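Dropping the structures in below, format is structure tokens.
In the two assemblies presented below, chain A is common to both, partnered first by chain B and then by chain C.
Take a look at the complex of A and B:
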């Protein structure tokens, strides 16, 4: 491959995030850091006083709360980005190339937050290493051990993928930056100019492995934490796999759209990332979410038609019980409305704009967080034996920690774009 | 091995001697703890007999050929909750864990007592606070860890902190537990409890044979493993004033539980979930009404 020695205007604009860090950026990061520190304070309180500071209880009340909701949310956010990059490398979908790396970074940040959520949820985080220590004897039966395995595997593979595909950019930029150049040189260990072809081939095989892992994680081990447990009405279902996988693809796709539209607007990359990219992603998002709405309907119909009474009790909590107002707001405003708007863009091109797509995607992200709440919590509030009915209103500590993980994810992302090129700067 | 100082040694000694004495006394005079009046029918209830199962008395290791089973006569139960509170004291359960290891459901069961609660009972929910019992028209069903042979909690544990023993117990290793609470959500009987905050146990009355749990770990009924492997009865069986609870080695055909199970129709809780529980319920009919 012949490299151009001059960096043209076009490429210069793609390096914008690396070249300057304005006041708004610093203020934004400072605000995020404050939220993270506040969450850290809340976590310290929880570590010293025990999980009693949360609203989780057992057997009257839920034994798992919004930390597990957050875990499922973040773990499934990890897939859209890698799915897009895999499409770029496997199907040669060049259209999505500009946003591929944005998605890869989202994957890594989300996985980190998913892992953190699990640690925060533990009663004894100081013993978290026991899960690795007793891995060999427990991997046969414990779905949580399967999760640890697949998440670690997924993290390693996606980090390798990001690192390998970024090396050619780093090689060209190493000389331009002082401190960061030194970091680049460290990451460029053993780099040869002719490795790019090999990396392309490696990326192809890595993509295949990652696609399999996506199905294993979001269509497998995460839903199986719930779907394999007959003790909880509403969880025990063979549909859990496809149900969670659909949610994972939709919510992570939504996240990629939001990130890409924001970066495109902030750094004026309108020429580089074409609006059509968002049009096709938006329609794909609409169709997948529409399918998810259908799965939700199928689930609730089964739980109401002639179901055993524990199933019915869980469903009633959502349909007409104390959770109903929020549940129906989520279904109508959070799912049906954005789906109609996103799919409507095909019929009426006038309705389309990247910003609108991003807004609907943003609404969907919140709706998917809530949906995970409505999967995890109601079943735990309706045990199979006649305990008194419990309820669950998360405490400020729980909300602070959730806000902290979201802020930490955004902060890590913001730091990444200042340290590494977020778009593939090289030209073929 | 941790060194035991003199003071601790005396505590252990007194505790052990006290436990032995109490057991002896309780076993020697079964009628002592029964309700006072109207108890003529109660006295005819055969009291659970101790040492009907063979153990080596080491107190820590399973004895070969033993497999423990509990039988609860839900028809005889008067809902007095003595088992609940005796268990609480015996096992150093702190006040922060509520309900304690045993929960007694008061069920308005128009469809008879079965292994699966009726929709009506599920909807109204039972009480966790004891006021008065027995109330007319109510059934009482004590529920605790069923020590299942096919235990979902053991299956899901990511560290092996909860495990099944040869002699039928499902036990906890409080030092291995990471507090993920997967076992709590996997138990269909909601039998597991969690130490949401550091347990405060009265240091004077602490039972030295049972470890006081650290914060952040799961705990549950142990079938009083520290007693039963020594040939004693679980505390809840011992204190039951109406003899509604029976305990023993199912592998011994001469044991009380083996005889009851052969003679009396019995059911287990949520049989359809294939957990193969080791507590069997019988309903011999009401023995005591106000």
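Take a look at the complex of A and C:
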């Protein structure tokens, strides 16, 4: 009896987000919605006025701007959550189970925003359907088509994974909620109480497919958009795959840490999500980011030692040129400092706290967005062909749309946690 | 060629998954059917949404 009561209390605590939506939550969502609407207005201006309203230019200046930076950033952010979930199912890493679904939702929201960023970048998004129309002809040769294929597959598998693994919770909650209960019943199509073990086995095999997709997306097709172009100094590199994959794992792990610490604090889930979970994730994040700093050093050493002149020109723009102040701030403040702090938490345990780990992770997320900027833009400002050097300062339209995609991602997440259980509410 | 490899390496675990359900006793196809149904429905959804989006944006963008 006492055990039953404890389990009920445990479930009630985990269902907190579904049970109430206070004024702060509604105000927060309203603010996000305003930003999204503003971004929508900016996009309409861009659609009707053309891409000339942005700072993207060709041939002098960058043909790609912060929309593509945003695409790479969001596509990379999609990996940590599913990687953690895959670790739970493949390696039985039970420690990470409380945050697995948080990560899965982060994956889906990030992938949606990655796709949206690409559509926003297009001058004629009304022709996006041509990607599907001509898919059979293009899939053999076009890295952009590989991108669309893998992102759609990843999104579809992740959504199916989330749906099937969430059904046991929905079955328990369907009778409890009115309107949401109807939605749950719709998602419970064909549900039988004995399916849970079978779903666990499905999740195991699906995790394998998803891990392969993670490597293919951020270790393959996205870096190949850049790494396979010899006509662009600074991009053409066999190292692009591992470089992007490392960044993707680190930035997405950082995002999962921030989301999990925030939700843990807001809903008082300290007993459910133990500090040890963040300690392990923090160390992993520190080590992966440390390796990324090494890869950045190797890249710049190669570009400076005896590289062809165009490579040197791109590197100089970062090392000593107009982008240098921001670049070095990113390297030292955005990467080296958080890595030292995260690794330092292992050596001196009293320095550790989940909040501090989340702060360092937050700094890393900003640094990784900037790093994508320094990958995409400088190469386009130093052309191989005999055109003058370009410059790039994004316009208010571009910044508004970027703010809108970030706000839309947070808003979608905030809505999800009010409609569906964000943690596994059942107790084994 | 790469497209085929991309799809194949993802399809292999999915095929193994389905085979496992087919070969087990008593046989049950419900979970794999739900999974495949979900995948097909979503891919169709993506295609329809892209076509709809193209049509709607076509009205907004000056031709």
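The definition used in the following text is that the second predicted complex is superposed on the first by the 421 of 428 C-alpha atoms of A that agree within 3 Å, B and C clash if a C-alpha of one lies under 4 Å from a C-alpha of the other, contacts with A are read in each partner's own complex, and residues count from 1 in each chain.
Here is the rule we use: a contact is a pair of C-beta atoms (placed from the backbone, for glycine too) under 8 Å apart; a residue touches a chain by one contact, two chains touch by 3 or more.
Everything quoted here is computed from the prediction, not taken from an experiment.
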Joint occupancy of chain A by chain B and chain C, clash or fit: fit
Contacts of A:44 with chain B and chain C, given as first, second, both or neither: second
First (chain B), second (chain C), both or neither touched by A:164: second
Which of chain B and chain C A:239 touches, first, second, both or neither: neither
Chain B versus chain C as contact partner of A:212, first or second or both or neither: second
Which of chain B and chain C A:128 touches, first, second, both or neither: both
Partner chain(s) touched by A:190 [first = chain B, second = chain C, both, neither]: second
Superposition-derived angle with apex at the Cα centre of chain A and sides reaching chain B and chain C, degrees in steps of 10: 80
Chain B versus chain C as contact partner of A:199, first or second or both or neither: second
First (chain B), second (chain C), both or neither touched by A:137: first
Which superposed partner A:153 touches (first chain B, second chain C, both, neither): second
Least Cα gap, in Å, left between chain B and chain C after the two complexes are fitted on chain A: 7
Footprint overlap on chain A, comparing chain B with chain C: 124-125, 127-128, 131, 145
In the complex, chain B residues that touch chain A: 96, 99, 103, 105, 107, 117, 119, 121-128, 143, 152, 155-161, 176-182, 184-190, 192-198, 214-218, 269-270, 273
Chain C - residues contacting chain A, complex: 1-3, 6-7, 9-10, 12-14, 16-17, 20-21, 28, 30-32, 34-35, 38-39, 42-43, 46-47, 50-51, 53-55, 57-58, 60-62
Chain C-facing residues of chain A, complex: 44, 47-48, 119, 124-129, 131-132, 139-140, 145-146, 149-150, 152-153, 155-157, 159-160, 163-164, 189-190, 192, 195, 198-199, 201-202, 205-206, 208-209, 212-213, 216, 221
Residue ranges of chain A in contact with chain B within the complex: 49-52, 54, 56-60, 63-64, 118, 121-125, 127-128, 130-131, 133-134, 137-138, 141-145, 148, 225, 229-232, 309-310, 312-313, 380, 382-389
